[in-house]
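In order of appearance the chains are A, B, C, D and E, and numbering begins at 1 in each one.
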Amino acid sequence: DTIKVGVIGPFSGPFALQGKNFQAGIQAYQALNGDSVGDHKVEIVYRDVPQADPAQSAALAQELVVKEGVQYLAGFYFTPDAMAAAPLLEQANVPMVIFNAATSAIVTKSPYVVRTSFTTWQTSAPMAKVAKAKGIEKVITVVSDYGPGVDAETAFKTTFEGEGGTVVETIRMPLSTNDFSPIMQRVKDSGAQAVFAFLPSGPTTLGFVKSYNENGLKDAGVTLLAPGDLTQESDLPALGDSALGLLTTFHYAVSHDSPENKAFVEAAGKAIGNPAELSFPAVGAFDGMHVIYKMIEATGGKQDAKAAVDAVKGLAWTSPRGPVEIDPETRHITQNIYLREVEKTADGTYINKEIQTFEKQGDPGLAAAK
Amino acid sequence: MPAASLEVSGLTAGYGPTRILEDVSFSIPAGRRVAVLGRNGVGKSTLFATIAGQTRRYGGRIALGGADLTELPGSGRALKGLGYVPQTRAIFKSLTVEENLLVGLKDRPRSGIQDAYDMFPRLFERRRNLGSQLSGGEQQILTTARSILGQPSVLLLDEPLEGLAPVICDELMAAFAALAATGAMTILMIEQRIQAALAFAEDVLILERGQIAWTGTPAQLESEPETVERLLGVAH
Amino acid sequence: MTDLAQSAPASMATTSSRLKRDALAIAIIIAVAAVGFFLFPNNLALLSRIVIMMLIVLSLDLVTGYGGIATLGQAAISGSGAYAAGIAAAHFGIVDPLAMLAVGAAGGALAGLVSSVIILRGHGLAQLVLSIAIVQLAHEAANKASAWTGGSDGLSGIAPSPVFGMFQFDLWARTTFFLAVALLIVVFFLLRLIMRSPFGMLCRAIKEDPVRVRAIGAAVKPTLIKLYVLSGAVAGLGGALHAISTRVVGLDSVSFNLSAEALVMLVLGGTGNLFGAMIGTLVFVWFEDLVSSINPFHWLTMVGVLLVAVVFFAPRGLTGAAEDIYRRLRRDREAGK
Amino acid sequence: MQTVLSIGTDALAYGMVLFVICIGLSVTMGLMKVVNLAHGAFAMIGGYIASYATRDMGLPYGVAVMAAVVGTIIIAIPLERLLYRRIYGAPQLTQVLMTIGLTFAIIGIANFVFGPTLKTIPLPSELSGPVSIGFRTIAAHKLFVIACGVVVAGGLWFLIERTSFGVRLRASVDDAAMAGALGVRTAAIYAISFAVAVGLAAFGGVVGAELLPIEPYYAMRYMVTFLVVVSVGGAGSIPGALIASLLLGAIETTGRYLMPEMGEFFFYLAVIVIVCIFPRGLLGRAQ
Amino acid sequence: MNPVFAVEHLEKHFGGLRVTQDVSLAMGQGDRIALIGPNGAGKTTFVNLVTGQIKPDGGRVLLGGVDVTRLSATQRVRKGLVRTFQVTRLFSEMTPEEHVALALVQREGKSGRLFGTYADMPVVVSETRDILGTLGLLKVSQEKVREIAYGQRRLLEIALAMALRPKVLLLDEPAAGVPHSDTVLIENALAQLPPELAVLMIEHDMDFVFRFSQRVVVLAAGAIIFDGTPREVAADARVREAYLGSYADARSVA
């Protein structure tokens, strides 16, 4: 028989690239592990929510459950989309596996939520340690003014101040900022030794990094630190040389050196068509599929959300990003966070080269919220 | 361009599916002054608009100085020497008076504008006003001056005197007469003020329900009061 | 004076014949809703979303179609309704759906009042830009006030109680659907009444020529503000229903995108016509859902082609085209006789 | 003082980028009376062509700019003949519907053909480095954009206000039939104006790509900004568009510097204030 | 007798152009005044100033002795100062009946009602019929205005004004664009206006002017150059030169 998995993500519109990565991760997993669990064929049904739109997300989730009869909901690039679908889960008896949405609180919205991506807290907090270790005392934070940006700012600030550093200024700038020169001017005027930045991956990162160089901050020795969203692999070709040497912390780099990752990158690269487009949402989806396969295995294909979720609590495996485990309590993924530096390889491509590892990181954000 | 003749044969035209003109034919030699008369709604304006290429034509031909205009669009006809001043004051509202006149110049050099200012000093005073900032009568004068600037060989004037002060009417009629007298253009004029029209014209065309009902000279018309009564229906 | 009696004008026709036509219109809505309910019992969430959107597009039709004010800021108003209802539920424990609707309508009316005072200061394109500025400001404000609105994560924790204490909101969205359709019918009927009232007539006149309206001694601005408040109440209802049905209010509900989509739906259906607003919404959302589930990756092109095709073949919107066809058929029939 | 000058320079550069991209739209909206929401889509097409020309074909920057302008015009001509010609003079909302539909279609196609990633247009070395202008360094391309803005503004103003072409264009928009009766070939005038507007869009898309990077969603992402700049300036007015671009650029830039977290508030409040004072835009043409 | 309407020292300039220069004029009940003058003399501007479409640079407008200069156009209409437009301004998608009904509903202060229709208001229904009947518009009362003939639109302009029961009525070229054979309709309509109403009419058709008015005011270059009976006007040399031209000769000959 067939078991359907409904995947909701941004497959068109401004975030189409991320949706494409979802699809690549899923296809890579099925290519490597087959499209069946036992004699249950796993079929994927895609539904598009181009931009954060909880109403549409909820309607599509409901449609997937009621009309398409899916046994699993998965995907969710944006937090509000996941939040909107979460209340349906218990009544629908369907588990939800989050491939991306990175706000800590989502897992608390329903006991049937499992997350295989990361949280902004998880990827930002280690950067504070890096800064401290580099002897940086004064930092200015610059983040996009929306949920994840604020999360990143808080995570960094809390941790950095906990380590004894000072955050001299916090700047929140609108998502729609195109010209970053005035921001760079502020950074310059603040006298900070480093700037911690969070911007969602996409076109604005290009302007930000260029502006950082053009306004002479790099030359002035002001270090740019950021979670890996800023140097998403798919943006690197566009960023080019201006990104060289940037330090970011993140849970996954396409260049991660392991046999699991080699296999993944090859399969996912094939699935996505242009390997240069591959980046982190693909690995969230890949591991998400692993969790779903395990759930199917555990329930023998029967629709039983509780049993399915219980079966993966504490599940540990080696992902393309390294060793990971589903925390039994929070149902969020525990993983390594890496410090990476942008490098140009011999063949002229740019990569995030991992240079340091923070092992077994949980989600500090959930703890902080309590 | 010197004045040219105008031949219309078998013209049938209207708006959309409704036909207003039926089989209209006439021929006007170069340099004549013609008045087109008729009660309201008989299709006088439609006749001019059709010659200018702005209605739907069902049949018939139009020739200007021997050249066939029938298949040309409005702009092509204008470039062949046809001038047309519609009944609605079709000034360009967002252009200044001077720019309005510039459009009328066709390919003449800019200095040609002076002709219009000489003829209507009022326009010179108002040359920086936008079309929409003119008084009703000034708009009327502007449209006429604009078409004359293009030195058409045949000029169609649809009620050029409407809304004008009596003294301006006199001046304008004198100007038309002068233009025709120099052999510069053939002038066809629709006019409600019959006396003024008859004083101006050498020939008269009267329309009735989309067809030509009478042709002749003003003198002939004056001698046929019953024709005037029947076709023009004027009490005074 | 027999002449007078003979030409008893049609529009002075009896009240009862007008009510008959209203009843017919409402019967049509009910019939369509019933067909939807029985044909797509598994897709009531989509149908509910369409009906909710219809309320918002109807509210837009009031100001744009009847009042002649083009706006790309309607979501600021419907979104205010959604947040008002959502905040009432999440922060103040007002979870009765009908009470939430009332709060939403009030919030929308208030937002309509505020927007109108600003928007009516501009003319033409500048007016359009004022409306954009308003929706962007509202969006920004909702983002900033995250303690109240949840910011970009969305306002969650909205748990409406059963309707009349009896009908629980269910996974199949049956309750939502019935509630939405009932609300649509009430709103539709009221709007029809209002649009043929003296006030409605005045609005139509203002749309055509405000200067002329002033010259008969009527006040233009207060009338338009009143229209806006009305529209705001309707939009607020739509927004509140939105909050009730999805239990989350996101920033998208006060976005430029939503405003623009609503405008597209309205023009698609035909402006200045309540049915146009509803048909435009139905066709657009349904088409979008259809093509995006067939090809979630490249459906946008198909929607684009649909819009271009509509302008190509039905430049006056779908209802405009229907009207033309009807008129042509009638003319042919009369010609045949 | 240093900072003020510095911010001023940034504001000027940003304003000029806005101007160069928006001015074509001001022409279509103000002079041709077409609300062309697909303007950004044409800018984006220009960007894609330039990116392809420089990166994949290795052509020099100047040639790529030319290719982008010409190529976009060539793509736009059939669209003008087939689609736009139908909406000249149609109600604004109908124009909105069609051009937004066209934008959707172009986004979809760009996404399909070029993929969803960013496309850059490498600058020649003369334009890519920072240049010192005394009190600070500034990216050379910003100076280049400022120069482009000045040239475009001057040239276009001359074309529209001072040449007979400009007068005929404005006449055709006011009353096409009458313009025809005076010998103006309106269809040709419209086609040329459309081509000029589209060419300017492409040019703006290419030279502005450093700040507004090229990707499929470009066509929608900046639509609102473009609309706002053009309308605040008063559609159809070159000086109006220039003032609006510089003013809004300055407001946005100083707002970002002084209170970045209030950035959007600043910008849109300014828009509201300006429109309340100038209800038809700064230099709106009389209707 | 107290004038129902007066303007005192009205001034207006557009840039350097003084279109209204120290214009003072008073009208009593039942006056029938014609305002004539060359094109661009400032006649329409005068009406715009008086009714509040544009603001004067100086001077006052008095209605029944009360200063209304600061009131909006809308408020002046409500006080009984009503105009028609040189170029008709009507609601092209509405019917003549709706036009008149709207004006009546407005006059009765019921235009803000959200429910019911004007058809439910007996006063409005009967008066609408009366007015349309007076002007011969009943046969087109249900057609959209954009489909009715030009002359009928001019009549409808007058119908709207009548519905408002003005105290002072300003008519801006009511017969312009109406064929001569149709001006009779307009003259008849004017003849049926209440006798106590003060009417000022701008018109270039001199025959019409002379039939209509008891008093003629001549405006040239923004200033009143003459005020007198029709007979006096025709005889005045300045008016002949500035305005009448050969018409005066034709008339004196006749």
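Rule of thumb we're sticking to: a residue touches a chain if its C-beta (ideal position, glycine included) is under 8 Å from a C-beta of that chain, and two chains touch if they have at least 3 such contacts.
Quantities reported herein were computed from a predicted structural model and do not represent experimental measurements.
Think of each touching pair as a link: the shortest run of links from chain A to chain E has 2 of them.
Of all chains, E has its CA centroid at the greatest distance from the CA centroid of chain D. Looking at which of A-D and C-D shares more C-beta pairs in contact, the answer is the pair C-D. For chain B, the chain whose average C-alpha position is most distant is A. Note: centroid distance chain B to chain C, computed from Cα atoms, is 51 Å.
The distance from the centre of chain B to the centre of chain D, each centre being the mean of the chain's C-alpha atoms, comes to 43 Å.
Between chain A and chain C, the centres computed from C-alpha atoms are 37 Å apart.
The geometric centre of chain D is 48 Å away from that of chain E, both derived from CA atoms. Among all residues of chain C, those that touch two or more other chains are 140, 144, 298-300. Shown for chain D are the residues that touch two or more other chains, namely 108, 111, 261, 264, 287.
Chain contacts: chain E has no residue touching two or more partner chains.
Shown are all chain pairs that touch, namely A-C, A-D, B-D, B-E, C-D, C-E. On chain A, the positions that touch chain C within their shared complex are 11-13, 16, 19-20, 46-48, 50-56, 58-59, 62-63, 65-67, 79-80, 83-84, 87-88, 91-92, 103, 105, 109, 145-148, 150, 174. Within the complex, the chain C residues that touch chain D are 64, 70, 118, 121-130, 132-134, 136-137, 139-141, 144, 256, 260, 263-264, 266-268, 271, 298-312, 315-316. Per the touch definition, chain C reaches chain A in the complex via residues 42-43, 45-46, 48-49, 52, 140, 143-144, 146, 151-154, 156, 170-173, 242, 245-253, 257, 292-293, 296-300. Touching chain B in their complex are the following residues of chain E: 14, 36-45, 86-87, 149, 151, 173, 176-177, 179-182, 204, 206-207, 241-247. Put simply, chain D touches chain C in their complex at residues 29, 35, 83, 86-87, 90, 92-94, 96-98, 100-109, 111-112, 224, 227-228, 230-232, 235, 261, 264-265, 268-269, 271-272, 275-276, 278-281, 284, 287.
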